[in-house]
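Next up: some structures, all given as structure tokens.
You will see two complexes here that share chain A, one where it goes with chain B and one where it goes with chain C.
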Partner chain A sequence: MDFGVLIQMIVWGLYAGCIYILLAIGLNLIFGVMKVVNFAHGEVLMLGAYAAFWIYTFSRINPYLVIPVSMLLIAILGVFIERLGFRPIMGTGKLNEIFLSLGLIYVFQNLAALLWSADSRSIHSPYSNVVVHIGAIKLPLDYLIIIVVTIVFLIAFQLFMKKTTIGRAMRATSQNREAAALMGINVERMDMLSFALGSALAAAAGSLWLISGQMANPYMGAIPAVKAFAVVIVGGLGSIPGAIIAGLILGIGENVLPYLLQAFVAVFHVEMSFTAWKDTIAFFLLIIVLILRPTGIFGEKGE
Partner chain B sequence: MKLDRLSIKAYLGIVSLILALLIPLIFGFSHYLLTVLILMLVFIMYASAWNLLALSGQGSLGHAAFFGIGGYTSAIIAGSLGISPFATILVGGLFAAFIGVLIGLTCVRLKEWFLAMVTFGFAIIAHTITTELSWLTGGWDGIPAEKLISVTIPNYILYEYYLVLLITVIVIAIIYLIMKSKIGLALEAIRENELEAKVMGINVTKYKLMAFAVSAFFAGVAGALEIHHFGYITPEVYGIDLSFLPIIYCISGGLFTIEGPILGTILITLLDEGLKNFGFTYERFVIIGLILVLIVIFLPKGFVSIPEKIKSMLKSHS
Partner chain C sequence: MKYGILFTVLVVSVLLAGCVEQPKETPSGVEEIKIGVVAPLTGGASTTGLDMWQAAVLAADEINAQGGINIDGTSLEVKLFQGDTETSREGGVKAVTKLITENEVDILVGGFSSGITYADQVVAAEHGVPFIVTGASSPVITKRTDIDTSYFFHHCPTTDDYGEDTLLFVDEIVRPAINERFGFPVDRKLRLAVLYQDSKYGEGVYDGIQKAIAEQNLSVEVVAAEKFKMSETDFRTVLTAIKAAKPDVLYPAAFVNEQALIVAQGRRDVGLNTIYLAVECNDDPDYYSGVERWGEYSILESRFSPYAIPAGAIHDSVAQYRQDFENKWGTSPSMMGASTYEGVYIAVDAIKNAGSLDKGAVREALVNLEMPQQIEAMEGGVISFSPDYRESKFKLYMEQLIWDDSIGETRPKIVWPDSVKETDFVLPDWYEPGST
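Moving on to the complex of A and B:
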């Protein structure tokens, strides 16, 4: 086993983990405030990536500057999803949320395929050839930027939730909706805001992914969103630190485990590749955690 | 003559069955039409199986796992041992039921989103296992599956249609009997309030696992029928689409009812085929998605509740 390769894999895992974390924080925020889960969150990521792609294609500015615009556009979309979709079915049962999300997935995926074709699109980042050397580790500059941007987003998000009046109002709403309403908080506005903010974070994830060299296509969001939701559950519904830790575990685990397993069976002179299992690791993790602890690692109460 | 609700339903059921028997005679013998109808029947079974599990409050997002496991088991046994597909379809269903119980065991403590995610995950895991066991399953290319009725027989598709129709009627009858029996009531009690059901002396774990087993069995049978109809099977049977379709059919038709999945499958399949013939590709999924969203918001009990809605609207106007 080559430790250089292993460290390289951990770095890739950190990068993938950032995308999961951004998605998971958004899902967590929406769940906290509204107690609903938007399963179509991955499609929001996809639309964010497309927004970034089109703005970049027409303006040709530095792709990283496109991210805020994409976030703003998708935040507005988030408001529409909340107003027109989830608001009318609140309180009618959890199964309805799943069904509504399914409908939204069909609408967004196929609308995107209809408008922009199913071809994969990509952006050429100006830094795509720049590699930073930290000791023996080779780190593409884009990955480093994504990790830093994610950390900045997380700090800004925490400050917003802890220090601002709106952030406090949102936390109050997620703790006790009725009491918050009685204290004069407009809880419906908090619903709207949580959807806007959650969607904007998904758009940021989508844009960052596109810039770092991933392809955008109408179906790109489905699997990352499901994994992000697995991250939310594993970390415990509503727990932000849980989501961060679980996101990193998944990101790194996904990249490192297949490699470790391959090295392990090589000891017994068996040649086997485990890369095909990459997408299943999130669910094995989810199933194991839920069997041992149905509320997730950091969760306090079950749903 | 005054008919009460139940007899209207029974009456409609018999009429639609007669219609299904006569369709090849009325519309003429068309290979395309019969193929659409056979797949429609397969999906009626599949959607009804999903509905039975949903009846217990367990909304699966990964039923394609059972559909695919049933299909692969049946195709592999029929292919390697040379047993008639008529027998292997049952074996496929039984193996799917066995896996269903195993998955059910991990799900008994879970609800709603947690359960949805775990079942979704199992479908992805089943997909990966199948593609990785390529010596058995042919990997991504899949394997041939013996045709249900040999293509060499003239008008084989007509026989196939009546055969699948017969199986569908039997499956629907069994699911109907289960739903109307004590088991069905217990499942509904668990869905409404698990704790209360437990207090009333219902063995929640037993009934939940039973729902998983029966639902997986019929989903497996439906999957086996589909692939023996096509004559081949590929890992696409585990596709996310195939997990979502029965849900769409059940919601649009009417959840937790026997006629809902049937009506939903027929209407959505006809709509889909109709739009396909107009040359719509992605548009038709956008339309179906929109219909799903609108139904969840405005018609949560599905198409079967339309007569009641109209009745109550007329009442409120007069």
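Moving on to the complex of A and C:
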């Protein structure tokens, strides 16, 4: 296998990993604070992509400037989901939470199909023709921006969680809800904020996905959501560094492993394409990680 | 409070379910021919399914406006029933079961996606209901041996047909153009890469390519053959691998959303500056808007285009159909609708010839059918089914997409065969061939 080709594939994996990381961190935050698994998180990504599309279509401003607006709108939506959906059923049993989030998948998908049809929508980046040469690698500028933007979001998120009062309060709620409440933290407000922030990160993922040349449609959220769940589990429930590492493992693994496998079987004179198996191979890799470390890379026992 | 929110959620959910556009079934008559239209009206392929349904309604309305069909002195009206496959195999089985057992249809028309039709045709075979398949292109539909396929009639080109005509065009037109531009030997084989969906449809196209190369003795070699799973959105890695194989031409076997992403990611991200071929289902307004300028100079195999009409006998009827469709539905018709429109006419013609609604008699009438071509050009100008696998034979053509500044999208120009050609094939300046 050509080494240059392999490096290029790793770069595509890094890009995919960025999207998974943003989505997974939002999921992790919501789970960490509320202990709720939002299965409709992929649909929040989808709505974020649509928000970016419509804001761009009506304003025609640089699509990257659309991202904060999309994040803000979807953060507000996240507040509504928490207030009207999850809060009333909190503590009534995990099954209720699961079925609510599963129901939200269909509500959001049908709502999007009703409002905007099943047609695919795309955004044309002004930098789509610009290619950056980094050594032997040719990287379209959009992907470089996406990787940089993701890093900026992650740093800002870490600073927010570690250095601000609200961030510390959210972490306290995540660690021990009752103790946090006894210390005067409004845990219900933390729930609302975690949903808003998690949804905003999903909107950022959806917007970046759209700007990178993907298409928005009502059903686009399903597969990224499944992968984000895998990232959360492998990284360790509630662990942000774990989500980052697992996201990169998944992104790079699913892009590179099919070709390493193809090169491997070629040694035995077997010609076989493994590209259609990329999800299978990626999840197989994740299963191996879980067998070796059931709590995930950074997960704690009993989490 | 909780009950209030629960009630609100329930009301909104019910309203949402009710608000999703549900095409209405045609009004009932006393005496009627019941035709079940099998199409994905919801789910990922709902745009195509809606087009199929609307085309079927247009055909039924036209037939009923002319008094329906007269059988033994009784005037029968065509009544359509929806069978929504929900763009899934399970949905397809449910839809066909409902049409046969609940609606008691006389005949089925439609079927989009070979994978879905492969699953739901089992129900039709068990009940012996004639099925005119107008959207599933795998030849397996009428060739499989595990069920009785004698009630299935294929009225859309099969994946074998796509492969044959597309590769004939590539060998005859594209290969000489590349060899001439780059000073390659005249007998240099064209380096073909194939990127196909991991489904009955994708595998069918790949098989068709291999058959065409072998049977037509074409000067084409396959230098890369990669698969992707249905609904994939990230093709950068597989396209990087394909680029490393240095192809002259890339032939993806993909649906609209996939094809647009393959072309855009291939040219923009991977720098695979080659000629992209496309299967006919991509000749759809969504493809032209989705692929943007990256699709310029790519090749589309077609039989019914939203933006081009081949010269010849069917020119006026295509223009009329397009106008009638736009008047009725306020939108442009697409390819799957065209064959479904014809499918309704075929069903009615067969019933008329059979002189009865008996399913066996209708099947026999379909076997012996010979009706004039309508809005798609047929071999010999006649719609009929082959005696072996009951496939109708279409005249296909190749279009090249040319950028139109006034519209901000590409538009097709027919470049092959000579009988309907509008302009010559262009090898673009940015084109890069594979290795010598």
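Operating definition for what follows: the second predicted complex is superposed on the first by the 296 of 303 C-alpha atoms of A that agree within 3 Å, B and C clash if a C-alpha of one lies under 4 Å from a C-alpha of the other, contacts with A are read in each partner's own complex, and residues count from 1 in each chain.
In the analysis below, a residue touches a chain if its C-beta (ideal position, glycine included) is under 8 Å from a C-beta of that chain, and two chains touch if they have at least 3 such contacts.
Please read all numbers here as calculations on a predicted model, not as lab measurements.
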Will chain C clash with chain B on chain A after the two structures are superposed, or do they fit?
-> clash
Which of the two partners, first being chain B and second being chain C, lies in contact with A:213: first, second, both, or neither?
-> second
Classify the contacts of A:286 with the two partner chains as first (chain B alone), second (chain C alone), both, or neither.
-> first
For A:2, is the partner it touches chain B (first), chain C (second), both, or none of the two (neither)?
-> second
Using the superposition on chain A described above, determine whether A:233 touches chain B (first), chain C (second), both, or neither.
-> first
Looking at the overlay, does A:276 come into contact with chain B only (first), chain C only (second), both, or neither?
-> both
So, does A:12 touch the first partner chain B, the second partner chain C, both, or neither?
-> second
In the superposed arrangement, does A:129 touch chain B (first), chain C (second), both or neither?
-> second
Thinking of the overlay built on chain A, is A:120 touched by chain B (first), by chain C (second), by both, or by neither?
-> second
Given the superposition on chain A, at which of 9-17, 27-35 or 369-377 does chain C overlap chain B?
-> 9-17
State which residues of chain A lie in both footprints, the one left by chain B and the one left by chain C.
-> 85, 88-89, 103, 107, 110-111, 113-114, 276, 279
Hey, which residues of chain A end up touching chain C in the complex?
-> 2, 5, 8-9, 12-13, 15-16, 84-85, 88-89, 103, 107, 110-111, 113-114, 117-120, 122, 124, 128-129, 131, 138, 140, 143, 213-215, 217, 219-220, 223, 255-256, 258-259, 273, 275-276, 278-279
Within their complex, state which residues of chain B touch chain A.
-> 54, 59, 61, 106, 109-114, 116-118, 120-122, 124-125, 128, 131-132, 240, 244, 247-248, 251, 255, 282-283, 285-286, 288-293, 296-297, 300
Touching chain B in the complex, chain A uses residues 37, 85, 88-89, 92, 94-96, 98-100, 102-107, 109-111, 113-114, 222, 226, 229-230, 233, 276-277, 279-280, 282-284, 286-287, 290-291, 294, 302-303
Would you tell me which residues of chain C are touching chain A in their complex?
-> 1-2, 5-6, 8-9, 12-13, 16-17, 19-21, 42-47, 198, 225-229, 231, 233-234, 236-238, 240-241, 244, 256-257, 260-261, 264-265, 268-269, 271, 286, 290, 292
